[in-house]
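Below, chain A partners chain B and then partners chain C, in two separate complexes.
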Partner chain A sequence: MSATTTFRALRGVLITVVCAVIALPIIWMIAAAFKTNVQVTDPTVGLVFSPTWDNFRNVLADGALAHSLLNSLVVGVVSTALSVVVAVPAAWAVGRFRMRRTGSIVLVARIIPAISLLVPWYYMFAQLGLVGSHLVLILSHMFVSVPLILWIMIGFFEGLPVELEDAARTDGLSAFGAFLRIALPLAAPGTASAAVLAFIFSWNNFIFALILADERTMTMPVLLFNFMSYASTDWGGLMAAATLMTVPVLLAAVFGQRFLVAGLTAGATKG
Partner chain B sequence: MTTTTTRTSTAGAASTRRTRSSDTPFVTFEQANRRLKWALLAPALGFVGLMIAFPLVFTINLSLTDAFGAVNAGNSYVGLQNFADALTDTRRFWPAVGRTVTFTLGAVVLETVLGLALAMLMRKAFRGMEIVRTILMVPLLATPVAIGILWMLILDPTNGIANHLLGFVGIPPQEFLGSVSQSLPTLMLIDVWQWTPMMTVLLLAGLTTLPEEPEEAARVDGANAWQRFVHIILPMLRTTILTALVLRGVDALKTFDLIYATKGPGGGSDFEAETLNVYAYGLTFDYQEYGLASAVLVLFTLFIVAIVVVLRRRTERSAS
Partner chain C sequence: MTHVLRPRAARGIELSRRSFGVLAATSVLAACAGSPRTASPDAPLRVLAINHVWTQAISRYLPELEERIGRRVSLRMLTADQLTSSFNVKLNASATDIDVMTIRPLQDQMMFARNGWIADLTDRVEGDADYRWTDFQDAPRERSITAGAAVSVPVVTERPALYYRKDLLEEFGGAPRTLDDMLDIALETQRRSEGFFGFVGRGQRAGAVTQWSSFLYSFGGDFTVDGRSGIGTPEAVAAYEFYGRLLHDAGPPGATNMSLEQAMPIFAQGKAAMYVDADAIYSNFLDTSISTVTDTVGFAPFPAGQAGSVPHNIPSWSLAVNEFSLLRDDSWEFLRWASSPEMVARLQSEGIPGARQSVWDDPATLASFPADLAEAMRINAANGVGHDRPEVMQVGRARDIVGRPLVSGIVGEDVASVAADADAEFNDFLVRDNRQQEF
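Coming up: the complex of A and B.
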């Protein structure tokens, strides 16, 4: 019994240390966002200080940051919504008609380096006059989220018992009707988790907007990167911007942890 | 997952009741509608296919030309010259290959070992499990560019908290990302910080699906914890580990945001953190060397595909 107690104590200590190592840098970032520029570059100022909203006020003052937040939001929401519409029925077809080999073709999209797509895409979309538009960003982000949602949802649909849909079909529903009325409602939790992950991947995406966006459509990570190049001494402002960028992700982690784990591991544990 | 199961069973009861009153002959999904499956798959496959097919042809075509400055103005075909140039370039190309391999191997091996250790620790339920799982989600969901900037503040050679803390244990201030020799190892450690939780989440999911009987039997036979881990758990977890390695390895090979955000173009003044991805990006967008850049990207893609194919083969072999 004492061996178990020792193990439990040791496990508690180790897990606490790991959590501290993971969480402290994030806490440090959020704290720095509330520090003055003198405090932020003084490592002796730890986590106890009188907070100020000045950094947030400054970075939001000229409107560029708020505008890029809006861009990120629009691109994230629209690309995720369209990807769900395209990928969820496809995932059901792969799951129900046992077409895993066909479905895994889209995994090529995960393997290919994004940079090798950017020059051809730029050329192609420039011919169509789309470079710098929201549409081109939405399409490029869908290139990531369609395979992601497809992959997660194949796992979910394969996990649903086929008997339910068989029963619905013997009752006179078509196969597509069985999908719409039976499988789709049952897969709602899976769809939600896949959609939140797709949104976060879009929200975090840097390289597509770096090349395909212009001043008007620039997303938040690109703005943050540009901000760093000309304001490298304004650590408080940078941390405020980085914090604004991270808040939605933190909320997703806190409120959707179970869903997100289910989504992240859906494709992985089945190989 | 819990929600899915509960809802499934209620709906199951409802539809079973309906089936009993019906005697329509049973038709399998394969027979139900052959066209339906293609109609549902076409938009997704078509979209991804279009977005890949054109770039693939375009890039391979460009890699055989001397395109410079513009992708379509007055290029002439030079055969495999770009590939020869890249493969004989010991100043930028091969060092970039070396850094890509070093970064990926170092980071992914550490992430797998630490991730597995943490997953083993978290295997049996404990108080605060949900909080720990939530904390684990934060780095892997956070924006890589923001993470890069955050670590630049922490690791700032003069004003950063890292050197301040090292001072307490008597270690002299380090240059971290500011030095040629420490840049790549520092970036690897940041990558380990961000992605070890991902490995833990994946491996923990694999661990919970393992049957308990083999380990129990080994315990009865007198095997200690380490022996049970090496001889029972590791072999059973092989498929999950290999799958996680493929997922993480592919992403690690392509790491761009973190390196570009912290080190800028060329991976620093001495190219000290220039991986293949960063090199190809610079060739393309800073120097407009489209021909050579395309050749480098074709080689890089082939390299990634080769690694995935080898690892997938091993996964399939270990699964069967």
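Coming up: the complex of A and C.
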């Protein structure tokens, strides 16, 4: 067996192992969503069993799930959209005007553990009467999303040829006009992938919603814990709800991947 | 060639940014300074509670209280860990959006009281003759008091129960009455069948401590003796060795990773002959959607050790009032209503054991429990000790220390030497913890 064949075989094995490690919990979650609670906790019942839709029927019959899904969607979409509006121009400014120190200060928001921010946040937002509102969740999620998008986009803007914007300035555009009409459209793939990552963060965030939301604005990650009570856990219901919660994120990731196509900037400088 | 573009009027922008920062900070501070100190008439009474059958049951009766206090009650349920996290964050910030709290008296109360987060209820519980404070069982009532003040009222109590397979233990004369018999039966039933376990129980380092406590007491030990560590005493070492052998020789593999969530399904799946855990979880074995032993499960009092049968009998959940609540009177009304003799009797009749002796004395309130379970609960309550973990400020750390020899016993290591190490560590811990307990 040649070295190349051995390398390929080894690579194939490693890829399979990594994929299995990533996929197994998801497969287990989806399988458990179609099992009874007895089957879920019986290790002898693997992937061969009579599936039941009862778990999905039960969780969907309870209006709380749809309400929480809507809350998660509102908070995720609005916080991501506002973060893009704030962070993308900021990233362009940091990249183009060499404002690295400013960028580093913004990055501090990513370094500070979220739990240490929650006490002052809670105090401040409670005094402002915002605790329990969608606004407080959107603002708290933006605190994490803005630095995330900013730092992804700084690299993206730095990778764009500055000559394009120079040419636009020569043709009469202002600096911001060059950003809007030239840099921003070229940065669309990067913006989309940064937005997808920000949305996934917001969709999955638990701790901010636990403290800052109330029963009206509860998001999906917090609702999932309702299936776990003091002396028992409704595993089937929990897994059905978790499956329903995972689908939008998977769709967002698949949809976002379409934008992750390289070569747009290379094409732009041709001719 | 790279051009660095400089925005025009940069100085102007910087000035505006600074002005904006000052304006924003001033606005926030002004808003924070002007916080309301009274609740509006239509503000709901907010209850942050454990997701527990007690809470689910009481929520059905809330309209009665709402009519009485003329105010809506907003009830939010969380798991135990999330509940503690919420309290830690919110009460650190003097939250007013929690009025009534469910707390674990043996886990949280001392720290919450020391931090000034829960209101002193002494005058209310003692000053209300109709409430009958002395009707609460001694052990749960004593655990409601911290630094001389009643800071909570117990609503749910727990004892250990011996869950066993009636069909399998029939030939041994039924449930074992002593711990020695229990070990013998566990070893024998384990030996007879491949893939079947004689005993299952919690084995996680910190998670197993509460259930192990009944073994400790029944061997004549305790977590502390005269303010010093009791886990190095011969009685404690014997209890460690016994529990370790039970799970090592007759338990499932991986027992040291098992807490309630892992151990309970093994018995519910019909794969173990005996299981010791809280009596509060009994309904899991009678529910056909979860259990395969609904017809064969039996319930028995905790078996006797060298010092007799000495299980714990603890208030697992109590109600407290947030010190920062703007609705203190209505919050007390909630506590008074939810822990009244009538409500405790009503809930106990629905299968949720309370803490009032008069209710336990009424056979009608035990009718909903299986007869053998009701009898086991009554006996365990009568013999019970009021704590199932070290009574300290940093309970989590204490459980880690106390649980270390437990794990050693389960994996078959020498328990005595590990217990001696843990004993020294626990003594050091108690000195530090005592300093923190100064109110």
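The rule is short, and it goes like this: the second predicted complex is superposed on the first by the 245 of 271 C-alpha atoms of A that agree within 3 Å, B and C clash if a C-alpha of one lies under 4 Å from a C-alpha of the other, contacts with A are read in each partner's own complex, and residues count from 1 in each chain.
The criterion applied here is as follows: a contact is a pair of C-beta atoms (placed from the backbone, for glycine too) under 8 Å apart; a residue touches a chain by one contact, two chains touch by 3 or more.
Just so we're clear, the structure is a prediction, and the values are computed from it rather than from any experiment.
Taken together through their common chain A, the two structures put chain B and chain C in a clash. Of the two partner chains placed by superposition, A:Arg57 touches none, neither chain B nor chain C. In the superposition on chain A, A:Ile105 contacts chain B only, with no contact to chain C.
Of the two partner chains placed by the overlay, chain B and chain C both lie in contact with A:Asp166.
In the superposition on chain A, contact of A:Arg181 is made with neither chain B nor chain C. Of the two partner chains placed by the overlay, only chain C lies in contact with A:Thr233; chain B stays clear of it.
Of the two partner chains, both chain B and chain C are touched by A:Met124. Of the two partner chains, chain C is the only one that A:Asp214 touches; chain B does not reach it. Look at A:Leu139: by the touch rule set out above, it reaches chain B but stays clear of chain C.
Of the two partners chain B and chain C, more residues of chain A are touched by B.
Note on the chain A alignment: of 239-247, 257-265 or 383-391, the part of chain C that runs into chain B is 257-265. Comparing which residues of chain A touch chain B with which touch chain C, the overlap comprises 41-42, 93, 96-98, 115, 118-120, 123-124, 162, 165-166, 169, 175-176, 207, 211, 225, 228-229.
Those residues of chain A lying in contact with chain C across their complex are 36-38, 41-42, 93, 96-98, 115, 118-120, 122-124, 126-128, 131-132, 162, 165-166, 169, 175-176, 207, 210-211, 214-215, 225-226, 228-233.
Interface of chain B with chain A (complex): residues 1, 3-4, 7-8, 11-12, 15-16, 18-19, 22, 24, 26-27, 29-30, 32-33, 36-38, 40-41, 43-45, 47-49, 51-52, 54-55, 58-59, 62, 71-72, 118, 121-122, 126, 130-146, 149-151, 153-154, 156, 159-161, 163-164, 193, 197-198, 201-202, 205-206, 209, 239-240, 242-244, 247, 250, 254, 256-257, 260-261, 264, 277, 280-281, 284-285, 290, 293-294, 297-298, 300-301, 304-305, 308, 315-316, 319. Residue ranges of chain A in contact with chain B, taken from their complex: 8, 11-12, 14-15, 18-19, 21-23, 25-26, 28-29, 32, 40-44, 86-87, 89-90, 92-94, 96-99, 102, 105-106, 108-121, 123-124, 139, 142-143, 146-147, 150, 156, 159-172, 174-176, 179, 182, 186, 189-190, 200, 203-204, 206-207, 211, 220-221, 224-225, 228-229, 235, 238-239, 242, 245-246, 249-250, 252-254, 257-258, 260-262, 264-265, 268-269, 271. Of all the residues in chain C, the ones that touch chain A in their complex are 2-7, 28, 31-32, 34-35, 50-53, 56, 74, 76-80, 82, 85-86, 89-90, 92-97, 260-261, 265, 268-269, 278, 280-281, 283-284, 289-292, 317.
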